[in-house]
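See structure below.
As written, the chain order gives the labels A, B, C and D, with residue 1 at the start of each chain.
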Amino acid sequence: MVNDKESRKIVDIIQDFARKSSLFVLAYGTGCGAIEIPPTMTSRYDAERFGIRGAATPRQADVLLITGYLATKSLKRVIRAYEQMQNPKYIIGFGSCTINGGMYWDSYNTINRLDMYMPVDVYINGCMPRPEAVIAGFAKLQKLIQAGKADGWERYQNNLEFYRKNQKKIIHNWVMPDYNW
Amino acid sequence: MVVANPILYVALPLLVAFLLPLFGKIHKELIRVVPGLLFMFLIFNTVVLFSEVTSTGKPIITQIAGWAPPIGINLVFSAFSGFIAGIISIMGLLVWVYSYKFKKVEFDNSLKYFVLIMLVTAGSIGVVLTGDIFNLFVFLEIVALSSYPLVAFYRGRDGAEASFKYLIVGAFASIAILLGIVLIYSQLGTLNMAEISLRIGEMPEKIKITAFILLFLGFGIEAEMFPLNGWAPDAYSQAPGPVGAVFASMTAKAGIYTIIRLVFTLFDIDAGYQLLLGMGIITLVVSEGIALRQEKLKRMLAFSSLGQMGLLMIAFGINTKAAVVAGMFILFNHAVIKSLLFFSGSYLVYNSENKNIKDLFGFGKKLPLTAFLFGLGAFAIVGLPPLSGFWAKLSLLMASADSNLIALIALILIVSVVEIVYYFRVVNGLYFKKYTGEFEPHKPSWNASLVMLILAAVIVTVGLYPDLIYNYFVNAADALMDKANYIQNVLPSNFVGLN
Amino acid sequence: MSNLVIILAIFGWAILTYLAFKINKTLGNVFVGVLALALPAYFFTYTPSDYTVSVMGMSLQFGFTSFASLFAMLVVVLSSFALLYSIPYMNKKDRLGWFYMNFMFSVGGMMGILMSKDLVSLFIFWEIMTWSSYLIVIYQGKKVNKVGLKYMIFSAIGAYAMLMAIVLINKWSGNVNIEQFFASFPNYSSAAKLLSSLLLLTGFGVKSALMPLHVWAPGAYTKSPMSYTAVFSGALSKMGIYGMALVAVNLYVHSNMPIMGEVIAWAGAITAVLATFWAIFQNDIRKLLAYSSIGQLGYIAVGLGIGTELSVFAGLYLAILHGLFKGVLWMVVGAIEHRTGKTDFRDISGLIKKMPFTFFVALVAIIALAGMPPLSGFVGKWMLYESMITSNHFIMVLFIFLSSTAAFLYCFHFLYGLFLGQQEDEFLKDVKEVPVLMMIPMGLISLSLIAFGTFPGLIFKPIAQAMSTLGFENVTWRMSSLTNAWGNSMFLKPANFMFMAVFVFFLIIITVVNHKKTKKVGTKDIANGGEPIRDEDNLHYSVDIYRPFYRVISPIMKYKVETFYKRISKGIEEFFQFFRRIYSGNGQTYALYVVIFLTALLILSSTIF
Amino acid sequence: MDIGRFLLTSITTTALAFVVGMFYAGFRRKITARVQNRVGPPVYQNFIDVVKLWSKKSNITHGVMQHLAPLWQIATSITTLMFIPILVDSTFFVNLTFKGDLIFLLYLMVVGSLGMALGAGEGGNPNSAIGVTRGLTQMIGFEIPWVMALVALMIQHQTTTIVGLMDVQQASGTWLMFSSPFAFLAALLAMPGMFRYSPFDIVGAPAELASGPISEFGGKYLGTLMTNGSIFAFVKLVLYVDIFMGGATNLVLLVVKTFVLYMFPVLWGLVSPRFRTEQSVRFFWGWPLFFGLLGILQAAFL
């Protein structure tokens, strides 16, 4: 996939517009940040305005939200969920914890940098990020998608060995099936 | 006719019975061979006489010692009595073949056995053939007296007990019959059945009925009618294997013959038919019901046999020609099928102490032929086509339908379902229950197998083509139903005179 | 060549086959194969001629009516397929000669029933069919007393009811000829009409497993080898339908007793509903299909009971069709049993991976069973519904609709539980597709099911001929359209072709688009909250899957007819136990009986004589 | 039949159904949002969703049945559409209107669900199987009153075709929903079940079953399913309108009538919590069944 805007065909532009305007979110409530999802989705902030809605299973989802700290135990599940999602797929790191560990930076059972393990497209800073910030993050993601630059899923494919190495450092009893695309 | 004569039926077996010990002195094997020869001759006798009866259409009447009836004693070989006599002699031969090796090592026992069998044969055929009521009584006594030791043959406690019960009840039968005969003789002054039949109207009503009741009771005991058949299950189950078949195919036939003669020929009481029918129904239901609850094979077969006797009484109690034909058919079937069941059944429980049904579980694989033949017999007796039992049942049902006895049809069919239940339980057990290993299967000897195969062949053949013997039944029924003809043939002069 | 020869030839061949298996298994199989091929070859080429045998003063007549030959066609086709199928299926079992002999006996029995023109020979062949099927039911030796004896008892009750009817008919009509019975039936008194027809119905109802008399069916269908059950449930139970059609149509419809037809129809409707409910909750495939068979026979009874032209036509069509698709389904079960040795939903899953052909034929048969367009089952369902609606059976139509909607539940359960769902490598390791000889029968019947879906006229012709025997002359039929009594029509070709066209169009689209990036993944790779599933985790959800529905209808399901029968039989046994005490084994008692009997007779002599 | 003309009309009909159905789904989301005091997505949001799903770059399938599952659905929907008169006495939208009748439609309409059930089953996801069993159970529930309503109409007017029923309404000038109110009530109450809208949405409850039967479907499969959903919704609505509301003489009227009818399950769904499976079956076998019976009695005896 070529990333410069000039060479893109009209079909790609339409498709990217559709991808941007219809984001199905697999809200994986890993950490305390998950509490900010309900106000984002419900009447006060109403993310559905922007075509953002929940999806029940990874098969249907486009966006994986990592809501806050990621315990080593849930990392495995998150990776699994991500790998089951279908391309193109995006990850939004949510809150400080996903950037550098946040208040859990020295905890024995959380990971500090999410992008060592998974390809993050957009980070939303804050502890907690308020719904406004969340929506701003989504807007940023939408811009990236429209520009064809939200290529986390490609990075994951291309650098799978790097991610696997880091993942296996954390997850000792590795029983995951192979990532097959 | 020199060679074949009805008298030989009675005389020869009696003679052989008495001479058998002497034969035994000459050569041990003779006690086995001679009865067989005798039976073969009896069958020959039957064939010859029967062909004559069929060709002339008249019964053969033999006068003993040259005295003409009603004074003299006579034997009447009609299509009816001759048919039963034929069945008895053929079954006798088969029993003989079956039990040829019976107790071969114990000379005394086998001698006893064959003598008794001879006596039973003589008595049974005598009962069937005689035209004289007192002689009938005498022959019945011969049957009874030879049956007692057969029941107690094994000299065990149970056998003796069964025999004793038989004896007690048999004594009642003797008394009742004798009293009845005395009553008749005192009123009519004759013992000839034809003449009694002719002049029964002369008897005062009360005495006639009393005599009828007494004879009915006595003959009912011999015919295994409920509730007079308490002796029968014990006797059947305690007697040696082949004797069960003897009882079913010979003595029971004699017993039912007496009661048929009583109702059909001797007396002119219409209620007699209904009484016979009613008692038949009760016998059928009670016996088959009890057979359902039996745990011992032979007792089950015995009760089933009683049920068949009930069926016979029903058939003759209906008193139409079709019903009597059906009755003859059932009589034939009962002899053949029940013998097959007794023959094969006794091999199945050969080594078992208590002869329990559960002792023969799994024998289907151990004794394939015997088990198969038992199964075939079971299929036949419950009336599954294309075996012979079906045609008998069908003709009985059609006869009852013709007489508007719809409830009776339903009853018979319900009882047939009960029959299916208990027979199929045994057959299922034979083939599909696990072999306990407690009892060694005993292989039937070749002669026993032969007999069973012959019986099975008869069952199948008659089932496939009932017309083969159907005409005999019709003729027999004709002979039985036509009372006037009977009287005319026995007493030509009197009958004409009366008219 | 006379008709009787066919039957005798089959019986003779049965015995020869038995002997052949005694010599050599291969030889025996050859014998089986020869019959399987010769039977249809002979049946479809010969010209029937009547034959009369005289037995015991009754004349037994043999010959085909066109109605009987419709059913004979089903019997011949299904039996020859089932015999072919048996050869590989039964290969590893023992006592094959016995099995095939009884198999052929029952085939001969069925042919005999259809050839009989009088009631006695019908009864004889009926009983031959009954005991030979009984011998096969107990052939595997499982639960012989519980299942086999139950089958035999019910069959006997039915058969004896029939026998009673036959002897009564013989009395009332003067002979046992079937046609003359129908001719003289209107002259019967009303009690005689009721009695004779009800008894006949009981007889036929047992074999066709109508509701209060169905108790034997689940066990018997389950316990016989599947290759025989295909015939048992497909063709043998149709003998009951055959008789019922004769009774319902010839006696009730044409003799102005429609109320009895209603009784049959209602019995059928209730059977259809309850049996379907029971089928839904089964966890054994064979039980499921057995109950389903009972339910399907209920539809047929409804069609025959209503007795209009369309409904009888629908009933006959469904009867033939049920024989075909249930034949396939039992063969499918047999195939699964053959390859996996299991028949319980607990043990089986994901067979589509290893047995795709079997899955395909099962799918076809199930769609036909469920009555879905575009396959043949729908044609029958359509005619049945239309006939009910046009004849104002509006409550009954709801029962039937409830039943056929509920049937979707077990249809799904069947396909999903066996073929779909989680694929367990451990379980599927040794499974492979069935041998070709088993595929051929299943495949051919499935093809016919597909063909009849669009061109039911292929089979309408013999049905229309059969209808003329039943007194519906000149039934009009068309190759691929249906019409009801109000003149509303259903055109199958446009409907089915439209469906297929759209299907294929979208199939192309969905396959072509993004084809390279469409991956096939295993069933362990499922979205389950991110937890990877290990090989030993079995997430197959196929046992007790309809609990919510059970909670809804549990008030009905509490009552089982079987309990009622159990109570009756227990009562009877206890009653006879009482009798048994009469024989105390004591000589004095017996003597007492004699005295009592004598006294009673003497006392009662004045009243008796 | 002229095949070219048929192709034209059928494709037009399908396109119409697709567009209208999509907008209805959009309106439903919009209305839902407004009721929940939200702005909600644009009404064309569903088009975007479908386009997005079709433009997914990878797809997974568990096997051939799952691959075929959406096809059963969509083939069913479009075939059903062909058999339903879109407009009264229209010379254009004839399609296959005169080739089938209501019994056929009743059966045809469930083919899709069963094909879908098989596809969902092959996915091997227990959630799908649970969803399917619930869906099938619920189907038994709502089909009965629905069929009762149809039977009542059929026996009253002695016809089994939709065209026949529409002719009856044309001739009498009265809609069947007024002349057969009980049948209409029964059918109306069965409607939310048919749409699987709340309170009968336990089949695919997202929080409970992870969207049930479709939980293994993504990308183009889900896109096909959504397309089908909109067409099928239109099919059902037009069927109701044709049968009970006299059909429509032009497209505007058709849209108005179907939209009004559509509001019933939508609005009811908005204010209802979710029924458990057995509760929903009991619901359908309660009042709707009673109304259906009344309808049949009315048809049979009045």
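By definition in this document, a residue touches a chain if its C-beta (ideal position, glycine included) is under 8 Å from a C-beta of that chain, and two chains touch if they have at least 3 such contacts.
Treat the numbers as computed from the prediction; the structure is a model and nothing was measured.
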Winner on C-beta contact pairs when B-C is weighed against C-D: C-D
Central chain of the complex, centres being mean CA coordinates: C
Rounded Å distance, chain B centre to chain C centre (Cα mean): 45
For chain B paired with chain D, centre-to-centre distance based on mean C-alpha positions, whole Å: 79
Computed distance of Cα centres, chain D from chain C, in Å: 36
Between chain C and chain A, distance of the C-alpha-averaged centres to the nearest whole Å: 58
Junction residues of chain C - those touching two or more other chains: 517, 519, 521, 524-525, 527, 529
Set of chain D residues in contact with two or more other chains: 56-60, 210, 215-216, 219
Pairwise chain contacts under the document criterion: A-C, A-D, B-C, C-D
In the complex with chain D, residue positions of chain C that touch it: 350, 352-353, 363, 370-373, 378, 381-382, 385-386, 389-390, 392, 394-395, 397-398, 401-402, 405-406, 408-409, 411-412, 415-416, 420-423, 484, 486, 488-491, 494-495, 498-500, 502-503, 506-507, 510-511, 513-514, 517-529, 539-542, 545-546, 548-549, 551-552
Residue ranges of chain C in contact with chain A within the complex: 517, 519, 521, 524-525, 527, 529-532, 534
Complex contacts: residues of chain D adjacent to chain A: 29, 33, 36-41, 45, 48-49, 51-52, 55-60, 206-207, 209-211, 214-219, 222
Of all residues in chain D, those that touch chain C in their complex: 54, 56-65, 67-68, 70-72, 74-76, 78-79, 82-83, 96, 99-101, 103-104, 107-108, 110-111, 114, 117-118, 121-127, 129-130, 132-134, 136-137, 139-140, 143-144, 147-148, 151-152, 154-155, 158-161, 164, 210, 215-216, 219-221, 224, 276-278, 281-282, 285, 296, 299-300
Contacting residues of chain A [partner chain D, same complex]: 14-15, 17-19, 21-22, 42-43, 46, 48-51, 53-57, 59-60, 62, 85-88, 181
